[in-house]
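You will see subunit A twice below: alongside subunit B first, and alongside subunit C after that.
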Partner chain A sequence: MWHLLQIELYKISKRPRTYIAFVAITAIVVIFQFAFKADGQSYMDLMLQSVKDTFAFDRVQAINGYFMCYIILNTLLIQVPILVALIAADSISGEANMGTLRLLISKPISRTQIILVKFAAATIFTIFLLIWMAVTSLFFSILIFGTGDMLIFRSKGDESQILLITSDDVMWRYYAAFAYATVALTVIAALSLFLSIFAENSIGPIIATVCIVIVCTIVSNINVPIIDKHVKPFLFTSYLVGWKGFFYINTDADNNTIKGSLENWPAIRRSLLILVAHIFVIVWASIAVFKRKDILS
Partner chain B sequence: MKVTKILMAASILLASVTAQSQDVNSLLKQVKARMDKVNDYEASGSMKTNVTFLKVPEAIVKIYFKKPNKLKIKNEKGISFVPKGAVSINLNSILAGNNYTVIDAGVDKSATGILRVVKLLPLDDNADIVLSTLYIDEANSVIKKAKTTTRENGSYELNMTYGKYIGYGLPDKIIFTFNTKDYKLPKGVTFDFDDGSDAKKNPGAAKSKNGSAEILFNSYIINKGVADVNF
Partner chain C sequence: MAAIIEVNNLSKQFNKITVVNNLSFTVEEGDVYGFLGQNGAGKSTTIRMLLTLIKPTEGEISIFGKKLQTHRSEILSQVGAVIEKPDLYKYLSAYDNLSIFARLSGIKVTKQLLMKQLQMVGLDDRAKDKVKTFSQGMKQRLGIAVALIHNPSLIILDEPTNGLDPQGIADMRNLILMLSKELGKTVLISSHLLSEIEVIANRMIIIHKGQKKIEGSVTELLDPAHTMIDIDSTDNVAAREKIAASKWASYLQQDKALQLMMNRTAVPSLIKDLVAMDIELLSVNSSHSLENYFLSLTTNSGYVAPFAN
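Our next item is the complex of A and B:
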C-alpha cells in the first residue's frame, strides 16, 4: 500500500495542475494582504459603521495577522473545494483518459486498494494545500501585520455580534480550525474521486463537483425556514464552515468572554461527525461502484 | 392686617428658598474644591463592558486625566471598546465653568444613604449637555451619582463608590451606563456557521438599548504629571 501511495503522490507531483492550486492560493492571499495593508481601515469602518458613534476603538491595532487570516479563510474556504476537485477528480478519470486504467487493474492489487490509495493521495494533497494556506494566510500575515487581540464579526439569527478573543487565546483555535477544514475538504476530495469513477476524462467530474458544491452552498445560505429545517441539515455544505465554531467564544452572564471556551462544542463535534460519516459513505460507495465497473478504456 | 401677614409669610418663604439655594451652591463649591485638588492622575484598574452585541473580556486598563478635561482610557495589552461618553467619567467636564443654573431638587433616600439632589441647567442654549442631575453625599462632599442628558448622544449615568481616595474626590469604582444603538453587520459579508442554537435568551437585554461599563480602580498616581502623549 505504501509503495502504491508513493507512486500516486509522485504522479500528483508531476502534474502541472497540482501547482495551480498553490499559485491561486498565494495570489489571493497576497492580494488580500496588500489591500488591507493599503486601506484596511475602510473595511474596519464598514464593519463598525453602526457603532462608531458610540465606541472609541483602535482600528489600526485590530488589523493584525490573526484577523487577516480569519478574513482570508472566510473567503478562501469557499473557493478551495474547487482547487481540491482539480486533483481529486482526476484520480480515476485521468487514468481512463490516458488509457492506463486497464493496465492498472491488471496488476495484482485489488480495486479496493486502488480506491483507498487514490483517496489517501487526494487527502494528502488536501493537507498540503491547507498547510500552504496556513503558512501564507496566517504566518505571513503575522509577519506583515503582527499579532494582537482578534475581532470576529458574526451574524447569529437576527443579531449581529462583535467577539473579541485575546491574543494568547487564538493559536489553538487556528490549529483546531485547520484540522476541521482538513476533514471538511476531504469530503470534497472523496466526492470528486467518486464522480471520477463515472468519467473518461477529468473535466466532467471537476465541473460536477464544483456544481454540487455551488448549488448546495447556495441552498445552505438561502435562510428560508422550511429549507433551514428540512433540507439544510442534510447538505454537507452546511457543515463546511464549522471551523468558524472554534472562534465563537463563550461568554458569562455579563457578556464577558471566557478564555479558552467554545460557545457550542457539541454542535462542532456533531458537524465533524457528520462530515466523517460523509467521507466513509462516499469512499465506501466509490469502492462498491468501482468493483462493479466494466473497464473498457 | 391680613395683607401684612401674607407679606410676612411670603418673605419668610422667599428667604428660606434663597438660603437653601445658597446652601446648594456652597455644597457644590465644596465638591468642586475637593475635585480641584487633582490636577492630573494616572490610574490603573480593570474594565468590564456589558453591551448586548459586544462579547469582550475584562480589560486591564490605564486611565489618564489632566485638567481641565482631558481623559483617556487605554487597554495596555490589547483592544478595548471604550464608550465615547466615558469622558463624562471626568466630573470636571460637568462642573467646568459656572455656565449653569443650580436647582435644589431635595434629597434622595437610597441604599447608599441620604443624598442631596442637585440639577444643573446649562445657560448656553447650544450646549450639548441639556441637563445634569447630581446626587451628592453631603457629609463627604462627593458626587455619588450623576445623570447627564445630552442633545445628540443620549443619556449617561454614573454611579460611584469611594474608598481610600475619597479625599481627592476620586472613586474606587465607577459604573457607567449609556445608550447604545443596535449593531448590524452589513449584509452578505460573512458566511456564518449555524450551530442550530438561538442567541442567548436575555429578554431584558434584548429590548435594552443601554450598555454599561464598570471600572474598578486599583491605584491612582495623583498630581505627578501626565504627558500629553497619553491623550
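Our next item is the complex of A and C:
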C-alpha cells in the first residue's frame, strides 16, 4: 500500500492543478493582510461600535496575528471545500478521462486498494493545504502584525458577544482548530472521491460536490424545528465550522474568560465523531460502488 | 500445450442488451491468438472481462489454470496489456510512466531496466519528455513498453495497430512476432482486420454479435482449398454456361453469377481453360472464402462459408 500511496502522491505533485489551491489561498490571505494593514482600524471601529462605552481595548493592538488568522479562517474555510474538491474529484474521474483507469485496474492491485490510496492521497493533500493555510494565515500574520491577546466577535442567539483570549492561551486552540478543519475537509475529500467514481471527467464531480455543500449548508442554516431535529444532526455541513468551538472560551461570574477552558467540549467531540462517521460511510460506499463498477472508459 | 486462457460460456449484458453471448474459447501456451470481429462484435468487452475491468454476467474465465475471479492479483501480475488506445499520464515523462506502471506491476524498478525497456521500443532518447508531446505511434510504443516491463507470460493487445501509420503497423507486427517466436510469449491480439491477423496469428477466432462464429488454426482456416475466384467477362451468362459444361463445373458456386471455389494452385490452369473456351475475360480475382465470410458479417450479405458453424 505504501508504494501505491507514494505513486499517487507523486502523480498529484506533478499536476499543475494541484498548485492552484495553494496559489488561491496565498492570494486571499495576502489580500486580507494588505487590507487590514492598510485600514484595519475601520473594521475594528465597526465591530466595536456597539460596545465602545463598555469595552475598553486598544484597537490597534487588537489587530494582531492571532486575530487576523481568525478573520481569514472564517472566510477561507467556507471556500476551501472547493479547493479540496478540485483534487479529490479528479481522483477516479481524472484517470477515466485520461484512459489510465483501465491500465490501473488491469494491474495486480485491488479496487479497494485503489480507493483507499486515492482517499489517503486526497487526505494528505487536504492536510498540506491546511498546513499552508496555517503558515500563511497564522505565522505570516504573526510576522506582519505581531502577537497579543485575541478578540473574538461572536453572535449568540440575538446577542453579540466579545471574548478575549490571552496570548498565551491561543496557539493550542489554533492547532486544535486546524486539526478539526482537517477532519471536516476530509469529509469533502471523501464525498468528491465518491462522486468521481460515477464520472469520466472531473468537472461533474467538482460541481456536484460544490452543489451538495451549498445545498446542505443552506439547509443547515434553516431555523425550522423539524429540520433542526431531524435533518441538521445528520448533515456534515452542520459541523464544518465546528472548529470555532475551540475559540469559545468559558467565562466566570465576573465575565472574565477562563484560561485553557472550552465552552462546550462535548459538542466539539460529538461533531468530530459525526464527521469521522461520515468519512467512514462515504469511503465504504465508494469501495462498494467501485468494486461493482464496469470500467468502460 | 497447456491452456493459458480458458473461457467458458462467457456472457455479458448491459441493460439487458447482450454484448457477449455464451462465448467459449481456449488460448494455448505460445499461441499468437487472433481475436477477430467487426467493430461492436464484443472483442473489447471480452478483453475487458479477461482483465477484470468488466464483470461477466455469466460464465467462467481461467488464466494459467486458475480462476480469474479468485486469483486475480496472481494472474494479472503475469499479464501485460494494451487496451485500445495506449493512454498514459500525459503530464508525466515516458520514464515516469514506465516507472509507475512497473511499480504497480509489483516489480523492483531500476533505472537500467527502465532505460533498457525504452530502448527496446526506440524511446530511450525521449525518456525525459512528457507524453503529451508524443505522436500516436510513440504512445503506442510506450504502451507496449508498459505492457512488457514486468516480463509477463501473457500479452493481451486490443487493436494495437489502431491509429498507426504503415511503418508503425509493420513495427508492431514484427514486435509481436518477436515476442512470440524469440521470447515464447503467449499473445492474444484483437483486430477487425483479417489481413492483420492472418500474418501474425497461428490460431484465431471470429466473433460476431458476441457469439463465436469460427475458431481454429489460421493455416486450416486459410487453407488455399477455400479460395474464391470471381470472374468478370464481356458476357457472363454465356461464360457461366461454358464453365458449367466444362471440367470446372463442380467448382461453380450456386446462385452466383461467375464465382468458383477451388484450390488456389489450380487458378493458372483455370485461366488457360477460360481463354481456350473463348471467354473474353475482363478480370479474375481471387480471395479466400474466410475473407468473404468475414466481409459478409460486416455487410450482412448472408454468405455462409463452407466451414462456418
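Going forward, the second predicted complex is superposed on the first by the 290 of 297 C-alpha atoms of A that agree within 3 Å, B and C clash if a C-alpha of one lies under 4 Å from a C-alpha of the other, contacts with A are read in each partner's own complex, and residues count from 1 in each chain.
The rule we apply is simple: contacts are C-beta pairs under 8 Å (C-beta built on N, C-alpha and C of every residue); 3 or more make two chains touch, one makes a residue touch a chain.
Remember, predicted model here, so these are calculated numbers, not experimental data.
J.: Clash or fit: subunit B against subunit C, after overlaying the two structures on subunit A?
T.: fit
J.: Using the touch definition from the top, say if A:Leu103 reaches subunit B (first), subunit C (second), both or neither.
T.: In the superposition, A:Leu103 touches subunit C alone.
J.: In the superposed model, which partner reaches more residues of subunit A, subunit B or subunit C?
T.: Touching more residues of subunit A than the other partner does is B.
J.: For A:Ile78 in the superposed arrangement: first (subunit B), second (subunit C), both or neither?
T.: first
J.: Return first, second, both or neither, reflecting whether A:Leu164 touches subunit B, subunit C, both chains, or no partner chain.
T.: First partner only, subunit B.
J.: Touch test for A:Leu4: subunit B only (first), subunit C only (second), both, or neither?
T.: Only subunit C; A:Leu4 stays clear of subunit B.
J.: With the two complexes superposed on chain A, say which partner A:Arg269 touches: subunit B (first), subunit C (second), both, or neither.
T.: After superposition on chain A, A:Arg269 lies in contact with neither partner.
J.: State whether A:Lys37 touches subunit B only (first), subunit C only (second), both chains, or neither.
T.: A:Lys37: touches no partner chain.
J.: Superposed on chain A, how close does subunit B come to subunit C by Cα atoms? Whole Å, please.
T.: 40
J.: Where on subunit C does subunit A make contact in their complex?
T.: Of all residues in subunit C, those touching subunit A are 14, 48, 51-55, 72-77, 79, 81, 83-85, 87-92, 96, 100-101, 103-106, 146.
J.: Mind pulling up the subunit A residues that touch subunit C in the complex?
T.: Listed in rising order, the residues are 3-4, 7, 10-11, 14-16, 98-100, 102-110, 292, 294-296.
J.: Going by the contact rule set out above, which residues of subunit B touch subunit A in the complex?
T.: So the residues of subunit B touching subunit A come out as 48-58, 77-84, 86, 153, 178-186, 189-200, 211.
J.: Per the contact definition, I'd like the list of subunit A residues that touch subunit B in the complex.
T.: Listed in rising order, the residues of subunit A that touch subunit B are 46-47, 49-51, 53-58, 61-62, 74, 78, 148-149, 151, 153-164, 166-167, 221, 228, 232, 238, 241-245, 248-249, 251, 254-257, 259, 263-264, 267-268, 271.
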